[in-house]
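Per-chain numbering from 1; labels A, B, C and D assigned in written order.
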Amino acid sequence: MRRNFRVCTSCGHHFKVSGKERLDQLANFESWNELWPELRAADPLQFTDLEPYTKRVEKAEAKGLTEALVAGDLSVGRQPCVAAAMDFGFLGGSMGSVVGEKLLRACDRAAERRVPLIVISASGGARMQEGVLALMQMSKTVVGFEALHEAAVPVISVLAHPTTGGVWASFAALGDVTYAEPGALVSFSGPRVIEQTTREKLAPDFGLAETQLRNGQVDDVVDRRELNERLERVMRILSRESSPEPPLAMQWAQQGASRAQRAARAVPRMSRRIRERLRRGEGPQ
Amino acid sequence: MRRNFRVCTSCGHHFKVSGKERLDQLANFESWNELWPELRAADPLQFTDLEPYTKRVEKAEAKGLTEALVAGDLSVGRQPCVAAAMDFGFLGGSMGSVVGEKLLRACDRAAERRVPLIVISASGGARMQEGVLALMQMSKTVVGFEALHEAAVPVISVLAHPTTGGVWASFAALGDVTYAEPGALVSFSGPRVIEQTTREKLAPDFGLAETQLRNGQVDDVVDRRELNERLERVMRILSRESSPEPPLAMQWAQQGASRAQRAARAVPRMSRRIRERLRRGEGPQ
Amino acid sequence: MSTSAGDAMRRIGNAITPHEPQSTDQIWEIVQLARHQDRPYPLDYIPRLLSDFEELRGDRLYRDDPAIVAGIGRYHDMPVVVIGQQKGRDTQERTYRNFGMSGPEGYRKAMRVMALAEKIGAPVITLIDTPGAFPGADAEQRGQGGAIATSIRTMLRLSVPTVAIVVGEGSSGGAIALGVADRVMMLQNSTYSVISPEGGSAILWRDAAKSQLAAAAFQPTAANCYRWGVVDSVIPEPDGGAHRDHDAAAELLDRYLLRALTELREIPGSERRRQRHVRFRRIGSYRELALADTSAVVSGQTKGPP
Amino acid sequence: MSTSAGDAMRRIGNAITPHEPQSTDQIWEIVQLARHQDRPYPLDYIPRLLSDFEELRGDRLYRDDPAIVAGIGRYHDMPVVVIGQQKGRDTQERTYRNFGMSGPEGYRKAMRVMALAEKIGAPVITLIDTPGAFPGADAEQRGQGGAIATSIRTMLRLSVPTVAIVVGEGSSGGAIALGVADRVMMLQNSTYSVISPEGGSAILWRDAAKSQLAAAAFQPTAANCYRWGVVDSVIPEPDGGAHRDHDAAAELLDRYLLRALTELREIPGSERRRQRHVRFRRIGSYRELALADTSAVVSGQTKGPP
C-alpha cells in the first residue's frame, strides 16, 4: 500500500495519506527535512465543545502528528521545491494558526529560495476551536501566496479528499496550477449543510474532483501514482531558463544550416531572396 | 417627440435617435461642437456587395450624417465631458475605421482634458465593407479605453438599441459604468444567427437590456428621459475632489463641537476618557 | 496579531474596555443585537454617509447578486466605492437578498467594483453583515471557494485605501472575503466569527440548539476581536444598540471611518499595501517549542505584533 | 495601419510578394486550404514546438471550454504560455471542441492563463483558428461580448512578450480576442477576416451560397492583411499547404516565432506594451477632409504608420 501511494491496486480508490507520508511520496521515499515542527497549537479561546481543544490536540499529537500541515524541503524528481501537505488525521486537517503560520513561512521560504511551492490540501476547513483567529488564516495564507506572486515563484495546489471550507476558499483555490485527486470532494460548503439549507438532494457526483474539472475549477484530475511525474514536469516547464539569453542566439546559429535547408526545400514558392537568406542561415526576415 | 427624447409618451417605447440628436439630448439642447467631422470613410477593399461601399456611404452622407459615430465636447448638466454617440442610421451604426479613429481621438481628448467620456452605442457591429480593418477597430477602441484607464478618467458606456457584434464585444462592454436603454438588444451574435446555428427558438426577452441586467452585464436599465440626470450624478461622484486634502481636516474641526456632543449623548456607555475626548472635539482614537 | 491582554490594555482611547465581562448571556445578547431586524444595514448607512450614491450591478460574468450591494458615492467630497452585505429587513427583501448570503457572483461584483476604485484612486469601504456565503450546489458549481479566495486576493492587491467595517454579523468565509482591509473595525454590538453560532453548534455539539453555548465558546464580540488583534477599532453604538437610532449610529461610524481614511490617505499606495500584508501576516496564536526538545513549551504566549 | 502598396513593397524579406495576383478562385483556394481538415491545428504544432507541455483547463468561473486549448510549455528553453483555438479533426472531436467556436469560458480560460504568464514572466503565444465565437443563447447570457472585450484588454495590458499567429481561419471577434499581440503573423494560406465568407454572404448578399463572392470581397488573405498592416509577417508553408507536411510547417512557424520572441525579449516590458498600444492605434483606413470645406477630399490615402 505504502509503495502504491495508498491507492487500491484493484479499484484505484485513493485512501487518505498523512502529511508526513505525503512528503515521503513527493520525495519518492527519499529523506527530507521537516520544517517548523516546533510550531504547535495554542488555545487562545480556551475552547471547549464536547471536549477541550487542548485535549483534542494532545490526542492528535499522541498519534505522532505535529499539526494539520507538514512542511519540508525536498525534491520531486530532479526539481527542488518547498512542499507542504495537510493532514486530515490532525483535527480533520483543520486550518488553525499553526497551519497558517507554517504555510506562510513555507511561502516565504520558497520565495527566498526561488523554488516552487507545492501544497497538498486535505481539510474540513477552518479550525473552529480557534474561532475568528482560524478565519483569519484564510487571509494570512493568501498573503503568503501573494509573496510568491511578487517573487514570480510558481505554486502548485493539489486538492486531496476533502478540500473544503476555508481552505478551498483561500490558498487552495489560488494555485498557478491546480490538480485534484480522483474522487476528492472539493467544495466550500459541506454537502450536508447544502442539503439542509436548500432542501435539495445533491447529485451523487456533487463537488467531486471530476465534477469540478468540468466546472472549470481545476486543471486536471491526477491519479496519485502519476502525481510526481506531473509535478516534476510542471516545475521543469516553469523553471527559469538554464541560461537566459545565449541559447536562442546559439540555437539559431547552430540550427542555421541544417534547418534552413530543410525549410528552403519545404518552401519552393518563397521568394528567391528569402530562400537565399535561409540558405545562408540568416533567418527569414 | 424631440423634447421627449424620442420616447413615446404613451407606451415609453424608445425610438432610435441619430448621433447628432443624441449629443443634443446630452447637452440638454444647448449648443455643442462636433469633433472631427472631417473624418470620412475610405474604401480600402474597394468593396461591393449588392451595392458598392462608396455608394452606401454617399447615400448616408446625403442624409446629412457624417459617420456612424458623432463626437463632441459638451456638458451634461454642470459636468463637462467628451461625448460620442453612434448613429444607427449610418450603415447600421457599423464600426469602421472612422468610428475607431474618432472614438480613439475622443478617448485621448477626454484623457487630456481629464473629463469623463460618455459613449452611446447603437450598432450592428463591425463594418463588413472594411473587412479585417473593421475587425481591427475592436482592438483600436479598447486601446483608447486603456488610455482612459491609465489617465484615471472614467468612461460611461450607454447601450442603445441595438448594441451588437464587435461593438458590444469591444469598448461598449468596458465602461466603468454601463447603462442600457429599455428594450435595447445587447448581444454579440444576432438572434437570427443564433437560432440558425443552434436550431433553438430564443426566448422573447433574449438579449434585452432587462435580461442583461439580470445576467450581470449592465449596471442598470435607464429610461432615456432620466439618462442625463444619472450621467451627471455619476460624473459628479467620480469627479476629483474640489480640494484634495483640506476639507477633511476642516470638516473635522468645524464639526467637532456639535457632532461630538451628539455622539457623546448617544453613547453613554463609552468610557469616560473617550467621552471627554469627544467632548473636546478630538475624535475618538 | 493575537496579543496579550496587557498589550491590548496599552492601546489607549478605544471605546470598549478590553476586559468587559462577557458572560454567556452577555455574549448572546450581543449576538441578538448584531442580528436585530431593525439594525441598520448598508443601505441604511449609505444615504447617511454619502452625499450621492449610484448602485452598480452585476459581475459581468453571470448575474447580479442582490446579497451584496455595491456602488460609488461621494463621501466628504471624496469619490469612494462602497460594498455592503445586505440581509434585507422584511420577508420579501430577505428572500430577494438571500438573507445576505452571497453566491460567487456577489464577490465577483465586489471585485469588479474594486477594480473601478483602483482605476480612479477611490478608497474602498466594505460593510460586513452576513451569516456566511450561500451554501448551494449552484454556488459551488460556479466556484464559491475560488470567488472568496480571489476576493481576499483582490483586497490584498489594491493600492487604494481600504476600510472594512463589521456592522452586524460577520460569519465565515463570506465575511473575510470583504474583510481584508487596511483598517478593520467592528461596531460595538457586532460579531465576527469563524462560523455562525448555529452552524458551529450543529457541527461541534452535533445539535443546532446549542447555539448559545457555541456563541459563548466562539466569543465573537468586538471586545475579543480587538483583544486578539483581529480588528483595529471598535465603533461605539448609540445606547441600547444601533437599531435604536440609525442616525446616531451612522454618525459614529462616519467619525471613525473619516479618521481612518484621513490617516490612510497620508500613506503612499505601495506602502499602504505593504502594511496591509504585514497586518494580515501577523494574525494568529500558536506556541513555538524549543527546537532541540519538542516536548518543552518555551513560549506560551501568543505571537503578535510588537 | 493600412498602408499604401508602395509602403508594403518597401518592407523587404517577406516571403509573400505583396502583389500576388488574387483572383476569386485563388482566394477561394486559400480559404479552402485555411480550413483543410488535415491542416495542422494547435495540438499538432504544440508537440512539435515545445519540449514539454502541460495543458491547463477551466476558467475558474463556470466550466472548461475545449474550443480553446491553453497551457504551459518549454520553448527553446523558455517557459511559455500557449493558447490555441482547436477545431477538432474528426466528427467526434469537432463536436467536443464545438468546431473551435469558443464560449465566454474559453476566453476567460485564456485570460487566466495569461495572468500566469504575467506572473512568471513567460511570453504568450496564441494560435488562432476559429470560424468565430460561438453564437449561442447561453454564451450571450454569460457575457460573450464582455469576454471578448476583456480578452482584448488583457492582451493589451500584458507586459510579457506576446505573439499571435493565425494558423488557419481567423474570423470575427472570436479571432481578435486572441490577436492583440506585439507581433501578429499569418501562415501563408491562412485567412483573417471580419466574418467568415458564409456569414458575410448571408448578411450582405442575403444568400449563404454566395460565400465565394464574399471571400473575394473580404480578401482575407495573408498577402492583403500584410499589405493593410494588420499582420507583421507572413509565415511560409510547405509546398501545397501546411497540411502536406506538419513537421515542415511547424519548423517554419518555429523559425518566425523564435525570431520574434528573440527580438521582443530585448525590449523592456513597459516599452513593449507601449509599442503594442501604438501598433493597434494605427490600424485603419479613412479619409480626412479639409476642415473648412468638408466636401473636398484632401487626402485619399489611407492613414498608417510612417
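Operating definition for what follows: a residue touches a chain if its C-beta (ideal position, glycine included) is under 8 Å from a C-beta of that chain, and two chains touch if they have at least 3 such contacts.
All values reported here derive from a predicted model rather than from experimental measurement.
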item: Any chain that touches chain C and chain B; value: D
item: Those chains which touch chain D and also touch chain B; value: C
item: From chain D, the most remote chain by mean C-alpha position; value: C
item: Distance from chain C to chain A - Cα centre to Cα centre, in angstrom; value: 29
item: Length of the line joining the C-alpha centres of chain A and chain D, rounded to whole Å; value: 34
item: Centre distance in Å when chain A and chain B are each reduced to the mean of their C-alpha atoms; value: 43
item: Multi-partner residues of chain C (each touching 2 or more other chains); value: 60-62, 142-143, 146, 150
item: Overlap residues in chain B, where contacts from two or more other chains coincide; value: 173, 215-217
item: Topology of the chain contact graph, where touching chains are joined (line, ring, star, complete, other); value: other
item: Chain pairs that touch, as defined at the top of this document; value: A-C, A-D, B-C, B-D, C-D
item: Of chain D, residues touching chain B in the complex; value: 2, 133-137, 139-146, 148-150, 152-153, 156-157, 172-173, 175-177, 179-180, 192-195, 199-200, 203-206, 214, 217-220, 224-225, 228, 230, 277, 280-281, 283-291, 294, 297, 300, 302-303
item: Complex interface listing, chain D residues touching chain A; value: 12-15, 17, 52-65, 72-74, 76-79, 105, 109, 116, 119-122, 233, 236-239, 245, 248, 251-252, 255-256, 258-259, 261-262, 265
item: Interfacial residue positions of chain C with respect to chain D in the complex; value: 60-62, 104, 108, 142-143, 146, 150
item: Residue numbers on chain B that touch chain C, as the complex places them; value: 149, 152, 154, 173, 176-177, 213-220, 230, 233-234, 236-239, 241-243, 245, 247-249, 251-252, 259, 262-263, 266-271, 273-274, 277, 283-285
item: Contact footprint of chain C on chain A as seen in their complex; value: 37-42, 44-45, 47-50, 96-98, 100-101, 104, 126-140, 142-143, 145-147, 165-166, 168-174, 186-190, 193-194, 197-198, 200, 202-203, 206-207, 211, 215-217
